[in-house]
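The two complexes that follow have chain A in common; it is paired with chain B in the first and with chain C in the second.
Up next is the complex of A and B:
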């Protein structure tokens, strides 16, 4: 009983509960057919949303107005860079991953440079940056049709007993992110800045450095995500990251992280990502058209946020 | 506020003069950036500066300006609308189908969608929800509805709409006249009427407005309904130009509209917006994104980057001016 009550108090429980309900509804519809395969597919697809979702979560936790809109362009460019550097050869996999990582980190650093030097809201800084990154990607990735090295493509699709290895690695990564958030000076500083930037500064937090690190982290995660996506879908393209702008923000909020900043929730990102992927699977299984699928996805996002309610204003 | 005004009175008149000049410069910045883009175009291709050239280059300026005004209303209440692009697309699809085939039902759908916007404003205020997330969800809803209304690109604009949008006045191209008209009407409504001040005040200092007895619920509903109205106008104008619709036709307008408001001197918080600035910002972006750039030796790959670069340059200029303002 106490366990139930303490669980109900945690905002992330609801996103997992939602994922479970959607999964049960789908297997009830199919009569139990494909229940395991659905979990495998959901885990493999949720990974990509979780990786960028964690980056977006750290950025959003910095406080109102902080959001990284350059993630889709970043993912697109990094996927092209990774494929070009790997050039289809197994021996270049690590170099290609490092190149995508560096590309993402550079984009994150440039984002913060714009925010800091021009003193503009992060939304506009990351938006302007994304316009430019998109152009670089179109120009750089023109006619790019390089397949990922077979070793890399196999790695991103590798399963052991129906569990995608990439998902296991991502779980380990999110545990690391949760520890960084709650137990390390960096994470505590991010939370402090989100709760009150001035108080954090007066308490001796190096606000500029922490914000720089957070935007660079988000960019880096976008870069890794781009490389992995190109491996999983066997090729890079400009539009590969498009859906991850909305998805990354949606999983952060549905997962129980406060949009007002200062309160983050790592497990919720997993729950919300599984919920969104399973929701799409369910609607596909029910055989609804693309229009109805989008309509229901939107209504459910609005419904969930309305039910969860906003934070009461501090003042 | 009081500390700032005391500060100003204590300053010498010379300093006040410098401050006023900096403020004026800041106010003129949107117009200056537009002039700069025009000068660049004139230098690269003098023949573009003509009646025909402007009609071509500013082809899509009217819907962009209307969408920017819609976004501006939402921003003046300290919110952000991430669904305006797909909403414009939805309106476009309704305009090219229902509004032509069954005008009464078409009008009812469009009025209903403005009502949905008003309800969203109420919902965001009553439940204290983050507008970014609610409108993010709504962007899926509008896109889904657009696909349901028009599964494949097609449809046809009503004839009266085509007639309006292809109007060719003497001497001054239609997009310029329309932009001026939109800017002036909204400027008068929002900056010169007493309820306009209340609307901007709901973003500037909500607590003070509430204590003075104004309903914040009502201001938010009005701001969102106005955003819906201008979103509808934007979608209709867009279809009047393109003559047929596509469910994805408006997707780029979300980011363009936010950029237009900021280029025009608006700020994300505090109800500081400028309707005329927003229209000028939209014109600047429309020029920068115009197909004519192709003839000016700017490869199509880099046209999106041109938008980003203009945003960054204008914002950098604003920072330089604001430093003087201190």
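Up next is the complex of A and C:
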């Protein structure tokens, strides 16, 4: 009972609850058929949303106006960079991953440079950066689909007893991210800046450095995500990251992170990512059209923000 | 005039409270036709509250308002406007996105129909020409693009424009604060002409000479009350200053501490305000409590922020030799993290010391919070409660705990006792003196003169510059007021 009550106080519980309800609804519809396979598929796909979602979460937590809209373009370019560097050879996998990380980190750093040096609002800075990144990607990748080395493709699709290995690794990564958020100076500083940037500066927080690190972190995570996506879907292309613009923001919000900044949680990103993937599966199973699917996703996000806002007003 | 020689406005026994703070305690005030009333007093003496009542923007909790001899029961801004009472407030009230002419139209509903912009432009331009010849302002200028001085000129001129409503009394609250000597002279000359025409003015100014030269009668306020009201020629500068400051001797808590003071320690801060033209700078040594005095907003906070910034990145003109922490006065915008507990709010300045390896240790954070809860007396059952569960005074104590619990050897205080009850104040004063005894340096900006008794040394600020440097033995309220009202400096 105490456990239930303390769980109900956590904002991320609802996203997991939502995922569970959607899953149950789907297997009730199919009469229990494919229940396990659905979880495996959901885990495999949720991983990519979780990785960029965590980066986006740290950025959004920096406070109103902070958002990284360059993630889709970043993912696209990093996937091309990784595949080109790997050049289909298993021996180059690590180098390719490092190249994707470096590419993403550079994009994040440039984003912050635009915000800081030119004093452009983050929304505009990351959006305009994404156009530039996309152009680079088109001329660099020449619109061709570049194949991953077989070893890398196998690794990203590797499962043990129906559990994707990539999902396990991502769980470990998110545990690290949660610790960084709650227990490290970096995370505390991000939360402080998100609540009151001036008070954070006056309390001795190095605001510029923390914001730089956060945008760079978001970019880096976008980079690694691009490489992993190219492996999983067996090929890099310009559009590979497109759906992660909406998804990365949606999982942060549905997961219980405050859009107003200063309040964040990592488990919610997982719950929300699973929820979104399972919702898609459910609607597909029900045979709903693509238009209705998007409509429902939008309505759910609006509903969650309204519910979260209402909770604040009570306090 | 049917009202004959009746007062333009008369307030009897006006009282106003804001929460527990008494802003006005039973004030009688009146203005006769054809006189200029000078109103002087310290920050927070109640001048602005009184003027808000005259202008109709505030209603008194008790007391009566009469205009032109008739009692007004539902006095309001629009009623004041009809009765010919206008006000130029200190906070400029023009809309920055509109042109000068459009701003003029806001006060004159009768400027309507096609071509209202042209009519408004003609009206304001004529008045500007009359008050400030060669003003160089076009009626089509967007207000936001004008300098602060020109905005003030427009604001003043607008108050004197007349269309259908009558105009009997204009309140000028610090009308010259953003004007240079030349335009200020033009304005005051115009005011004299306005008075000579049988109209009235209330002139509020911190430049005492201005009031002495231009007012017919001077009203002095202190602590929400009128302390003296007399003909202007019955005053001289010294009498005004004495009346404002309160001549009664105050008990000095400081004497025995001064005696026990150790010799000056090593230099901690040397800073020169950006606007300082002469060689004066602020010097603070280890173990000293340095006061920053003067009227509010004359560069004290700016200098504190510059010193704070200089601690992390070198700046010219400022030397800082030890870690710095700041206690904010404006808690909500500069201090509090609203989502966090009391303990987290205290710990944020000391995160590096609370670490155990890479991670912040919850145990050490709790210990730090508990230590300061005891030491400074934060009244709460649990330091893990949200910071807003505390009263204002206790929130301020938490901010003190944040600064004093840190490694900072220099503590900057930005008028931190605003809106804090007297009990909390006394506790914090003791703590500040105790910490100074241990070698910490305090730079203390305060708008409350009594607090300066805790200081070893006081720098008085005016217009962003240090205008006086008073040692403890020279420290009297009169001296501080003299310096901060100095006309020439």
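The rule is short, and it goes like this: the second predicted complex is superposed on the first by the 306 of 315 C-alpha atoms of A that agree within 3 Å, B and C clash if a C-alpha of one lies under 4 Å from a C-alpha of the other, contacts with A are read in each partner's own complex, and residues count from 1 in each chain.
Note that a contact is a pair of C-beta atoms (placed from the backbone, for glycine too) under 8 Å apart; a residue touches a chain by one contact, two chains touch by 3 or more.
Not measured: the values here are computed from a predicted model.
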{"item": "Which of chain B and chain C A:249 touches, first, second, both or neither", "value": "first"}
{"item": "Partner chain(s) touched by A:172 [first = chain B, second = chain C, both, neither]", "value": "neither"}
{"item": "Contacts of A:204 with chain B and chain C, given as first, second, both or neither", "value": "second"}
{"item": "Partner chain(s) touched by A:119 [first = chain B, second = chain C, both, neither]", "value": "first"}
{"item": "Which of chain B and chain C A:28 touches, first, second, both or neither", "value": "neither"}
{"item": "First, second, both or neither for A:87, with chain B first and chain C second", "value": "neither"}
{"item": "On chain A, positions contacted by chain B and by chain C", "value": "none"}
{"item": "Residues of chain A touching chain C in the complex", "value": "179, 183-185, 188-189, 191-192, 195-196, 198-200, 202-206, 262-263"}
{"item": "Residue numbers on chain B that touch chain A, as the complex places them", "value": "80, 123, 127-130, 132-134, 136-148, 151, 207, 255, 258-259, 262, 268-269, 299, 301-305, 307-309, 311-312, 315-316, 319, 322"}
{"item": "Parts of chain A lying in touch with chain B, wherever the complex brings them together", "value": "65, 67, 69, 114, 117-121, 123-124, 127-132, 134-136, 138-139, 142, 246, 249-250, 253, 259-260, 289-302, 305-306, 309-313, 315"}
{"item": "In the complex, chain C residues that touch chain A", "value": "308, 312, 325-326, 328, 333-340, 344, 348-349, 351-352, 355, 358-360, 402, 406"}
